[in-house]
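Following are the structures in question.
Look for subunit A in each of the two complexes below; its partner is subunit B in the first and subunit C in the second.
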Partner chain A sequence: MNTSALTIGQTRAGDVCVVTLSGRIDSTNANEMMEQLTRLISSGEKSILVDFGAVLYLTSAAFRALLVATDEAERSAAKFVLCSVAGHVRELFEMGGLLEVFTIHNSRDEALKQLG
Partner chain B sequence: MGRSMTRTVEIRLRNSLSEIGAARDALDGLGNEFSMPMKPLMQLQIALDEVVSNVVKYSWQDGAEHEFLVRITVHPAGVDVEILDDGLAFDPLVAPAPSPPVPGQRPPPGGLGIHMAKKLLDDVKYERTGGRNHTTLCKRFDLGAAVGRSEK
Partner chain C sequence: MTRPLDLIYAVDETPPRAILVISAVQHVAIMAITLIFPIIIAREAKLTGTAFLDLVSLSMLGLGVATVAFCVRSQFVGSGYLCPAAYTAIYLGPSLFALRQGGLSLVFGMTIVAGFVQVAVAPLLQRLRALLPSEIAGIVIAIVGLALAGLGIRYSLGITEQQHINPDYVLVAGVSLLTMIVLNIWSKSYGKMFCVLIGMLVGYAASAAIGIFDVSDILPNDGLSLFRVPRLAHVGFSFDMVLFAPFAVAALAATLRVMGDVSNAQRLNDVDWVRPKFSSLAGAVSANGIAVIFCGLVGSCGVNSYSSSIGLSGATGVTSRSVGYVIGIAFAVLAFLPPAAVVLAAMPLPVMGAALFFTAAFVLTSGLQMITARMLDARKNVVIGFSFAMAVAADIYQDALTAVPIALQPIFGNSLVLGTVSAVLLNLIMRIGVRQRVSMKLEPGEINREAVEQFLTEHGARWAARRDVMRRAIFGVVQVLEVVGNPPGGIEIEASFDEFNLDVRIRYAGAPVQIPDRKPTPREIVASEDGERLLAGYLLRQSAHRIQARGTAGAAELLLHYDH
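Up next is the complex of A and B:
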């Protein structure tokens, strides 16, 4: 594992703001992710899709950040969904009992169809 | 395998979340050096992050700067990570499991980390000695050949 950094990319697909995470999300950078997500919500985005396809691993700090963002989105009547949670990243969600807590789509395409 | 076939790295950290990267990088460095398999290395990284961030956040409540030690030992049968801190006593072995999530209701943030760490490791040991928490995270996987090579 050579990449220690978390990279947060942002693109737009119609009305959906797509946030692409890559690398690892741990206690050193989970706040950065949370701040970016809550900033999007407070700036008025109504559909946010977070793509986990390139995430190496995540710790409970990341789950806390996602829970905070989910709550914020709910308060702002915004849709906040995840996609491409696969392999051992999915196992970690499962371990945390969090697969049912978030809205998770299998792929970005499927998520965009649902949100569109 | 001889008893000498181990490699130990010690990292001193201050109680700040930004310090945790130094422990993560040290474990990564050993992972590269010993060609550790990806999955157990990641699982150990997650457990390390959970336990060390717990120390940073909860061991000291006085707002002052404190230092603690992370010691990583690579041996033929795997990796042990010891965390030694002189903060409040905390035994991860008796920490309660988070309550199971209720469908349609989000669990409150927090409480998950230690539970995940224990699940991802093969063994966790804890003792309180000399006013210090001494927590050991054990991940077992075969490193015999790699450790042997690095000794030559």
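Up next is the complex of A and C:
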């Protein structure tokens, strides 16, 4: 079994739809992530939280997918936030100058409190 | 830079005035012990009365100026961190040698030369880092520890030229040393923090009780005033090329110690610290050089950064740079108060001996810790073992080694100089063939990113490469594979590693990867796949320490360089 391939989990916390990503996100699976996120937005979800706590790394394809999902959320007046962006993954957001582009919370609890 | 949670005052924060002053007093107390070194020079030079007092006062002024120079944050001078100064055994050996050869004027002249050596070395640090790894800094510090211990024993036992032991000295040193040990090991808080100072005060009291604390030699004939501007009557300058080698080596040794101390100060202020910031190290070495020149000009000996003070700031959680400025002011004021100089200048030899012997233990062990901080392979074992043995041999076979030609005597006649020279030369020789190289080929249609990840991870572990550096390299290669796609002829990946560099070369048939200078906007990234490629190039530029993309006749090569 490949332990570093992307897995996408989905749970609910009240009105918030929590998407948990784990593994690495690159061009082989970025579209899968983008499709799942845009499907949630089009289905009428108004608060989506993406948890990056178990992500190993992400490439430019993943960043593009996240930016597309952010645009989609804006158009649908949905809240789209990220949490647990830490360590090497945070470093990559920082390198790309993308920390300010997304709404990012330190932890899932903090994000849920804000969204609630 | 991420602030550690247990830090009370970080480098850029200013504590309330009371905490600022008390913190500074603590540092002043432990730094003052190192005035032992200029006092030793003054005693060996047989200075008495006002001249003796002037040398001590001007040495205090030197400590103040040096501390401010170390702490200041500017483009070329200063570390920007709380990095107090201290007189050091590093310059003691060459200074005593110079004193015997040409008196105090030669000590001061050659001290100035050593300062200029440090100023000259500072801008070259980044390029020289392969020649000055941390284990060599550790060897230098460990040898300094050994030298301090030897001197401490000599003063504690009152050993004369006839090899006689003075029982009074043994008694005073014993009481003083015992106090320091008991307070350091079995007490907490202030007792532990001020164990050396309290032990020295006990030593002063014991010396006074048995009649070996005598200030009459130091007190000026016209009495002791509360305030006095120190004079430069004892100061003169002369130079001797034969002494250039030991002073240059001492400057190099002092440079290694500054690098270790400032790296430690940086680490105290940053949870994410992985490698030293060389601009800060270069500023600190420049500051050290300027401070040494100042000390030579005002008639004192060479200063260095103070590992004990860095340790104190870590233990107390007060690493504010402002504390350094207050320390500087405090020493500048003390320099004009002769009673302070008298108390320190009249320090009995066994009290000095006890303090030296006690602190030597901590200097020696911190040197050993620096030596063993990185994984030791056969090459490092040779460098460390041989140079350490050479340093010890210089002391054991001192008489035999004086038979070397006069130009080499300063090197062979001093354990620190011989040990450092041996370490630097052996390290240079042992770097031959140190670079390791591996490569893998990804055939067309079989561009397996996981295999690449595994390949780099396995070799990184074998090379004992830092994980954070390997993570960046893996990201870089995966990002390149993503941009390059599946070129005809496949992709060749070559990684080469030595202790300081990781280079990854990726070769393929196709156009070179685009590496933009500017960050693409979110709009550009979303608009098309070209935008995504621009982001890929930008991420590669940001994640590698150096990147080079080139292509000729349809063949492209991308070099990703990472500092290690």
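To be clear about the criterion, the second predicted complex is superposed on the first by the 113 of 116 C-alpha atoms of A that agree within 3 Å, B and C clash if a C-alpha of one lies under 4 Å from a C-alpha of the other, contacts with A are read in each partner's own complex, and residues count from 1 in each chain.
Criterion: contacts are C-beta pairs under 8 Å (C-beta built on N, C-alpha and C of every residue); 3 or more make two chains touch, one makes a residue touch a chain.
Bear in mind the structure is a predicted one, so any value in this text is a computation, not a measurement.
Would you check which partner chain A:Ser42 touches, where first means subunit B only, second means subunit C only, and both and neither mean what they say?
Neither partner.
Counting only touches as set out at the top, which of subunit B and subunit C does A:Gln10 meet: first, second, both, neither?
A:Gln10 sits against neither subunit B nor subunit C.
Let me test your reading of the model: by the given contact rule, A:Ser107 touches which partner, first (subunit B), second (subunit C), both or neither?
Touch status of A:Ser107: no partner.
Taking the superposition on A as described, I'd like to know which of subunit B and subunit C A:Asp71 touches: first, second, both or neither.
The answer is both, since A:Asp71 touches subunit B and subunit C.
On the A-aligned overlay, A:Ala61 touches which partner chain: subunit B = first, subunit C = second, or both, or neither?
After superposing on A, A:Ala61 lies in contact with both subunit B and subunit C.
So which positions on subunit A get touched by both subunit B and subunit C?
The answer is residues 2, 4, 24, 26-28, 57, 59-61, 63-64, 67-68, 70-71, 88, 92, 95-98, 101 of subunit A.
Residues of subunit C touching subunit A in their complex?
Those in contact with subunit A are residues 449-450, 453, 468, 471-472, 474-475, 478-479, 482-483, 519, 522, 525-526, 531-533, 535-536, 538-539, 542-543.
In the complex, go through subunit B and note every residue touching subunit A.
The contact residues of subunit B facing subunit A are 17-18, 20-21, 24-25, 28, 31-32, 38-39, 41-42, 45-46, 49-50, 52-53, 56, 98, 100-101, 103, 106-107, 109-110, 112-113, 115-116, 119-120.
Touching subunit C in the complex: which residues of subunit A?
2, 4, 24, 26-28, 57, 59-61, 63-64, 67-68, 70-71, 88, 92, 95-98, 101
If we count contacts the way the header does, which residues on subunit A are in touch with subunit B in the complex?
1-2, 4, 24, 26-28, 31, 56-61, 63-64, 67-68, 70-71, 88, 92, 95-98, 100-101
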